[in-house]
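So, here come the structures, one by one.
Note that chain A is present in both complexes that follow, paired respectively with chain B and with chain C.
The block that comes next holds the complex of A and B.
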């Protein structure tokens, strides 16, 4: 039988990693191998109760194992695949590009990017709006507390999580292959993404609601849909608008690069100037994007704050 | 008229909630159902609205057999039956008048419901209902800003706006303080008398039941052990209904 009474002492000659490993091993042995006595709690009148097994330790071990693996990966890639010196050597390349953006800053170019920028913003607004409109009814169908059929809610949840795994850019790329280039596919891609995340966030809100009001309206002879509209929507409206604005913020940032895959807007210009190494033009676009995204995010945050 | 004919209810977990209950309640009566918790009071109420279905026996309300009702016909039937809940069940984040109007959506089309477009007559009906329970001035206040008693009044107004022939009340005053509880019971009584609406209320507190109801039904372990005018109820009967002495907990006003 190993020593279970005292945890291993830290030995100066061993390194920390070995010490951590020894400690986990000790904890494991003490709590799982030496089962009943360690888990039995005896009260003063002789009554005893045995603590159930906790899986916390198990998960902790998995987590430690995983993190060890990833740390290893980084360490290896750091030393063997991309030597650190090479990375340092290339830093001037990056600073050169940035300084060119500033020194060659092509301000007269500004008026020509306004229209593509407006296209981008319109793409984000329309996409968010369409996605949000579809999200509300689907969130209702996905809410376990409102819909009796567990099959239906789970199927919808599965489809939603499938939709969420694919990024907006990939949707836009696929749509561009199928329907050709243009802002329309940018709108559709944004709408699909918004629909995916908003539906999830909404049904999670609905599932925590108190259903008293819903039951009351249903008991007046209204259908479930009408009861949902009359009793659930007023309760989630604030959250809904706030979440929609939040996804709009995400969409504005995402739609700026949608042009890369042919969805129109300012992304096309970004791609062009990057290819032709026109860093002065690139600087103007990035500066403008920075200002616009900053303004929109702040307006949106202000409205959300006002609403809550 | 509500007629229970030999009604039994057994829940899926095997609990026998009601055993061979036969009772009839006339239009316009004020009936209080008393008994210990778990005796089957709530089951009786829920059966009338068909929130749950009978295991055996029949329930007939105004000539209509309740068990057979399904889908659209059930919803139409429910429009004539109002329910008031112990926990009020209001839509918190919206105005009082919208809460009352919520009972009108059953008759409206879905587009009007979605955009909250209520007809002039429905709006007047809702405001009149609020006036009847004495909180018209709160019509445009948010429901969650009201006190418990006021919220229960809104719930009562919501039920009135349904133009019901029966109001079912499941422990309507159990979560209110004694003074507010008395006021709410007075509202029930007034509405019962002026509109000739049948009121069937589950009451936890014996004194409130005897004070406001015309007729008392005592239930013990799923069976009706007493059914008669409230004036006939005495200590001995209560002992029979409760299966024990009446304690302070069964009474809202200790002095009475």
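The block that comes next holds the complex of A and C.
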């Protein structure tokens, strides 16, 4: 039965009502920028067309206003203290580091970073696995089409957003108090991060699933559990594996950072060489990292192709 | 009765061999990586500390959290963090455009796009902290180093997503414009730009969300923002102060996520 009390509004009417921002936007458009006559075009065959409103200018003004405010906050206040010549004079500091990474490339150093690199990879694998193992059931619980209680799904989604907002580094720093420094906290921090993003990506996929298969299996007399295993799990498994591999790639990149709070792996070395200005060593590590990421990306692309 | 169902069932894709191979592969890899864990019991003092951190989360230092004036003010620090992310995103989103057009296969061909993609991959792998430390040697510690770091490090992901958008361009529209007698400039203005802009902006907003998170940790290396306050408080065991900073981050990131989701769904659906 149609809802007579609150008839659905057309887009524009609804926009007009939502809040002050919308009203300002519409006032701006109708009265300042585009009157109806200005938007009217008469074609050669006499048909007249009214162009739709364009909000581009309005948003552009907001963007420019915000940028101006932020530039004033950061860039202009910086150059009030630091003379511009000094800034220009120090630009070679940056380019020198880059060129030294290439010219001082210290290849004999390579064998000594293999072990930290393996630590980093193991850390990422284990963290991704643990995070993914927890993410799958939680993602099902957070999906609105599978769980009827809207309160439950929303509470879980809120907790997940909360987990995601706290930076991984902070988890690692706090965990270090309880577990001591080393790869263990790296694994746990990676697991928490993976859990956060993976369950979000998963429930977004699950919510778009076609439940027709589930109902069809149920109608053959299967119990809910059996129908779930037969219809939902096969639909989601491929996506689950490929999303897990995707977050594994992210984790490999991120684990270079985790070393900063003492979570082991290759990050500590990066920090040390930067402090001691050993850019040749840094170049070796970065090159190796690039190669490893490239290989892992290709393996995971291959597996994803096999899965789908 | 119905031979179709039976025969189709027989012809179903056989994935058992593949699944078992993958399962064995994953099991070996995971078992191999468990050797990274060296767990020798919890540190008893650490448990007390973890407890007090959790306690502090319920009673953060409100003097900092609600201070809009002089002294340590979480709102001000968060504003600086967001400003860093905002300017950095604009910088990155603009710098990414040439990289993306260079790497799009339908624009520059196979060789140049391979070169461009390698370049993008290198930028993506470059650790953000190292980049931050390099920029600090130019600008000195402060938020400007953060803006530059975020800008350059965003190029990688943004241009990778831009490339996908450019490669998805519907050439039919350009052909249709051709048929109306449009010149090159008009084809770009009415055929290409309207196809790219909404997706480009949506990508930039998505990266902005990530950049706000990155900006919160960047000050660990001295590049401005709230992270330094947080880690300094953790280092001297002032949990209530750390909790104040943490709540600042949580609130701002959540608000930005909500806004970004709303704007992006508006852009994608075209429902203004």
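Rule of thumb we're sticking to: the second predicted complex is superposed on the first by the 199 of 308 C-alpha atoms of A that agree within 3 Å, B and C clash if a C-alpha of one lies under 4 Å from a C-alpha of the other, contacts with A are read in each partner's own complex, and residues count from 1 in each chain.
Basically, a residue touches a chain if its C-beta (ideal position, glycine included) is under 8 Å from a C-beta of that chain, and two chains touch if they have at least 3 such contacts.
Predicted model, so just to flag it, every value in this text is computed and none were measured.
Engineer: So in the superposed three-chain picture, is A:179 touching just chain B, just chain C, both, or none of them (first/second/both/neither)?
Structural biologist: The answer is second: A:179 touches chain C but not chain B.
Engineer: Once the shared chain is lined up, is A:155 touching chain B (first), chain C (second), both, or neither of them?
Structural biologist: In the superposed model, A:155 contacts neither chain B nor chain C.
Engineer: After lining up the shared chain so the two structures overlap, which partner does A:107 touch, if you call chain B first and chain C second: first, second, both or neither?
Structural biologist: A:107 contacts neither chain B nor chain C.
Engineer: Please name the chain, chain B or chain C, that touches the greater number of residues in chain A.
Structural biologist: Residues of chain A touched, chain B against chain C: more for C.
Engineer: For A:230, is the partner it touches chain B (first), chain C (second), both, or none of the two (neither)?
Structural biologist: first
Engineer: Starting from the residues of chain A touching chain B, keep only those that also touch chain C in the other complex, and list them.
Structural biologist: Dual-contact residues (chain A): none.
Engineer: Quick one: in the complex, what on chain A touches chain B?
Structural biologist: Answer in residue numbers: 212-213, 215-217, 219-223, 225-227, 229-231, 234-235, 237-238.
Engineer: Sort out for me which residues of chain A touch chain C in the complex.
Structural biologist: Chain A residues touching chain C: 11, 15, 53, 55, 66-67, 69-71, 73-75, 78, 82, 87, 90-91, 93-94, 97-98, 119, 121-123, 125-126, 129, 161-162, 165-167, 169-170, 173-174, 177-180, 182-184, 187, 241, 253, 256-257, 260, 264, 267, 270-271, 274, 282, 286, 289-290, 293-294, 303, 306-307.
Engineer: So in the complex, which bits of chain B are touching chain A?
Structural biologist: Answer in residue numbers: 49, 51, 74-79, 81-83, 85, 87-94, 98, 102-103, 105-106, 108, 110, 113-114, 155, 158, 162.
Engineer: Can you name the residues of chain C that touch chain A in the complex?
Structural biologist: 18, 22, 29-30, 32-39, 42-43, 46-47, 49-50, 53, 79-80, 83-84, 86-87, 90, 121-122, 124-130, 133-135, 137-140, 142-144, 147, 213, 216-217, 220, 224, 227, 230-231, 234, 246, 249-250, 253-254, 257, 271-272
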